[in-house]
Every structure is written in C-alpha cells, then in structure tokens.
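Working notes, beginning with the structure itself.
A, B and C are the chain letters, set down in written order, and residue numbers restart from 1 in every chain.
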C-alpha cells in the first residue's frame, strides 16, 4: 500500500515529466533521421561516383562509431568550434544523424533490390521519369525498406534513453534522479523498463500492422 | 497360430485435420520379401511408410517387429525400434555437413555408440558395397543424385536393419541416374533383405517384387503377386493406373 | 604541435588499454550470449508450449527494455537487493550477455528453421533421440549459417559496450571522457575514441569472416541448395 502511494505521488509525475521530454526527443529525431536516411540512401543508390563516396562515408562512419561517442561529440566537442548546444539540441542532432545512417542503409538496399528492368519497362511504356519514380520506384522501395526502417525507429525509442548521458533529463534521467533520492532502485527501474517495453511493443505492433496492410504476394520476407 | 511375419502392421489410421490420409491400412511381410506399394499421388503411400517407423505418429494402429509389439509411447523402445528399421527417402536427406563416410558412420557412432574408428571402418565397407569408396570424403553437395541415394542406402544398411522402408527412392533422380540405384536395390533383394518400397518403377517391381500392393485414397484396394496384378487385375482402376504409369515412365510390360 | 593532437598522442596508450577492457566486455557478453542464445533458440523451435512461451517472453523483455535502464536496474537494483556484490565490469558483461542472448537466439532460430525438414527426419529414422539429432545434425549446420548474423551482432555489442561507461567501467569511453575533462580537448579525443571503435569493428568482422571460411562446408552455400 505504501508502495502504491509512492508510485502515485512521486513516480508517476516524474515519469510523465520525463516521458514528455522523451517524446519531444523521439519525434523530431525520427522524422529528421528518416529524411536524412531517404535522401542519402537514394544518393547512394543512384548518385554519381563522387556523391556516392561522400554518402557512403557518412553511413559508414555514423554506423561504425557508437551513438554515445557521437552524442558526446555534439555536446562536448562542438564548443571547440565555439558552438554551444544545449543537451536537448545535441541529443536530437546526434539521434538524427546516427539513425539517418542506418535508414540510408535500408533505403539504399531497397532501391538496389528493385530490378532495373522494371524501370526500363516503365520508360518504354512512355512513363515520364517522374511518373516512373512515383508509380513504380517509390511504392516498391517503400515496401522493401519498411521492415528495416521501422525497426530502426523502434531502436530509436530505446536509445533515446542515452540522452541522459549528456545530461538531457528524459524518462531515464527522471528515473535515475528519483531512484538516487529514494534508493528504491529496483522498483523504479523495473517500472521504467516496463514503460519502455510498452512503448516498444506498441511501436512494433504498429509496424506489423503497416507491413501487413502493404503486403503484396511475393514481397513477404521470411516471417519469424 | 504362429506369426511368421518379420514385420506386421495393423489398421493404421492417420488424419491431418479433416483430411483422412490413411483409413485403416494393414500389411505384413515375411523375411526376405520385397513388397511394392503403388498408387496415385495422395494415396497415402509415403505417409504409411512414415507411420511404420513412427516418423509420423498414427492416430490408430499397431506395429509388431518379429512378434513383439512396438510400444511407441516409450521413447527408449521407439529409438531401439528405429535402429532396426532402415528408411530411404525420396529426397535422400543426407546430412549436409558431413562427408559421405561420416554420413554412414554417424549412426554407428552416435546411436549405437561404436568407437569412431570402428564406425568408420564399417562405414567404408558399406560404401564399397554400393560402389562409392572413391567418394568417401566428398560432401553431399559434391555428389550426384544417384550417388547421394546410394550413400543413403549405405547409411541405412550400416545399422544392420531387419527391414528397409524405401519411399520412392528414384523419383527425384534424373532418368540416367535411376539405373545405378536400382542396381543396388536389386542386390539387396538378391541378398535377402526384407523391404517395403513405394515406387513407380513398374518393370523393376514386376521382375523382383513378391507382392504388389495397390493403394488408393488411404486404403489398400488390391494386392497380389506381380503376375496376377499386371495381367489379371480385377479392378479397372488398378489396370488403368499401371497402364498410365508405364506410359508416363516409358516402361513396357 | 596543436594541443589536440598532443593530448591524443599522450593519452593514446591509456585509451588503448581501455580497448582491452572493451574487448573483454564484448567477448564476455558475446560468449555468454552464445550459450544462452543457443539454449533459447532450441527451446523456441523444439520446446513444449510453455517452454516456447518462456523463450518468447524472455526475448520480448530483453529486446524491449533499453540497455541503460537494464544496467541501472541490475547494478543499483537487483544485485543490491539480493545482497550480491559484483563489480561494474561483471554486471556489464552479464547484462550485455542477457540482451545479446535474446538477439542471438533469433539469429540461431532463423538458421535452424532454414534447414530442410529432411535433416531432422533422417536423424530420427536412424534412431537418434531428439537431443542427439539437435546436437549432431541440426546445430553444426545452423551455427555455420549463423556466422554472418553473428558478425552483425558483434558490431552492435561493441557499440553498446560504450554505454557501460555509465556504470564506471574503465573502458574506452570512460577513459576518453576522463582525459577530456582534464585536458579540455574533447573533440580530438572523442575522434580518437571513434577511430578505436572503427578499428575494433573492422578487426572483429574480418576475424569472423575468416572463421566462416574455415568452417565452410564444401559446395554448400545456402541451406537446401546443393
């Protein structure tokens, strides 16, 4: 009973406060990251040699270096150039660029897996380049990239917790503060874990829904 | 009444959901006999064979080996029984990660717990018997279909089975490779191995089988010695099927 | 010589020692994840209904809760409550291992499911018990086909290892930050750290590719294909 009261009075308000920050972190990062990913993925698939080189380098670097290191670079490193970002901004930039690199990998793979023959066939039928892109390329590219990009978005929900490490106090940060004050680490972190679990499960369910809605025979990948 | 049969199967029934694949099939076979199962696709031949060694669990029915009933509920008894019944699959099912020699030896080493060296020696003997000693160290991916099937026969023989079940052993082979496998099976018959074989090879069956068992729709509709079956078949369907098979596979009576 | 470069060069040996700690964490996590992952995968594919459910719940939990939360939960929470006193390093390896096991089990499960059904059938036809069939026929093949996925998992665990900095484990990230706060050369030092991670990734992936070559089955590139 005492635990219940504790939860009601202390935990829930703290969690809600943190959750608000988490969502404010996740949504912009997701959108920006996706846009960066789509653009760089397209450039990597269809660009000329120079463009491809730059985009490939971006993807390799930002996928190879740990997210934590990247976050620290934006927050602690940029002051070297006299740019001072607050923790929130540094986190959003860090998340966007990092997940953008992963998105670009899936987008590139999706575009490359579409047989060129289909595009040629479309042009041969008299489609304009634009029509070919919108009617043939994008619908298929979208379907093929959906599982990968969708999973990356789900990862973003989890990795948003790392913002705490550059002092951006979101859900995990609030939990840590509360736990340090009350020493009730086990209950609080278990509860916070369940909140993330709920978010992740919900997001996965949405992704599955989207995949099922858009499924076309022959596009199913090995469902595990 | 003494039971002379080496293997006796009674009233096997199996349904997959609503589909009744086997509707009460019984068969017995004496030592040294070759019985051939024939029938259209979907007749249940393959399922029946797999019920005999309980790879597929029948819903009803019993099996006796040399007079003793097999209690398939007891795992220990089941494994022991399977060691005495060899099975040859249409798709060979060699263990892809092992070279030919080890495919044969592994049953001896892991199931019969023979020491590795002895298992390999015995495996080599079996491999020579099917004419593939040169390929001892080749992996299944490097063997032709006919060679794979011969290795799988050697693998089954190494276990010294009392009965062999062959599930369309040549159906997955290119025509020119069928002969080498049939030659090995012919040898087995000559050496007195007891076998139940499902096949479309009419010429072979007519020449060597002691009894042809015709199945359709999950039941045995006719059975008898080849001479009787191929010339005197009472049911029109049996005769029509045999004629169709020989037409498809280029066999002549 | 620019201050940044000087700081990096001076600190480099210290950072490289941190790499050893990082590698130790990663190896510990991957190996424990391997053992537990194989057990989970086998349970998930071949187990009874209740066992399968347990496996699914485990995977759902350890893939859904963020790493940082789990680290705090175990280090400050569970182990304290249970009265078990473990070093930050040990807790890091345990938590990373538990999480990796969840992901690895899915890799192994996929590989097991991709094997032709006939492999298991033939093993049973010879009279092998399920356990013998799984250990001598299924796993030797499935594990070989899992190496590419495992390689991917390695680079993920390597990057996640930077997070254990939050528990105070003296790996690359912790040491880099330590030096940076004292020399104020944050950017050059973090770039150096990034470089170290890239090198470790490259070496690990290369090593696994060599392993894949060594254990390759002649002529057999994909399950079910000759």
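Here are a few things to note about the model shown:
In this text, a contact is a pair of C-beta atoms (placed from the backbone, for glycine too) under 8 Å apart; a residue touches a chain by one contact, two chains touch by 3 or more.
Quick caveat, the model's predicted, so the values are computed rather than measured.
The central chain of the assembly on a C-alpha centroid basis is C.
A centroid comparison over C-alpha atoms places B as the chain most distant from subunit C.
Computed from the mean C-alpha positions, the centre of subunit B lies at a distance of 46 Å from the centre of subunit C.
A straight line joining the Cα centres of subunit A and subunit B is 56 Å long.
Per-chain CA centroids place subunit A at a distance of 21 Å from subunit C. Across the complex, subunit B is touched by residues 116, 118-119, 121-129, 132, 136-137, 140-141, 144, 217-220, 223, 226 of subunit C.
Contacts from subunit B toward subunit C in the complex involve residues 53, 55, 75, 79-83, 86-87, 89, 91-97, 106-107, 110-111, 139-142, 152, 155-156, 159. Listed in rising order, the residues of subunit C touching subunit A in the complex are 4, 60-61, 63-70, 72-73, 76-78, 80-81, 106, 109-110, 113-114, 155, 158-163, 165-166, 173, 176-177, 180, 186-187, 190-191, 193-194, 197-198, 201. On subunit A, the positions that touch subunit C within their shared complex are 61, 64-70, 72-73, 76-80, 158-162, 164-165, 172, 175-176, 179, 185-190, 192-194, 196-197, 200-201, 222, 224.
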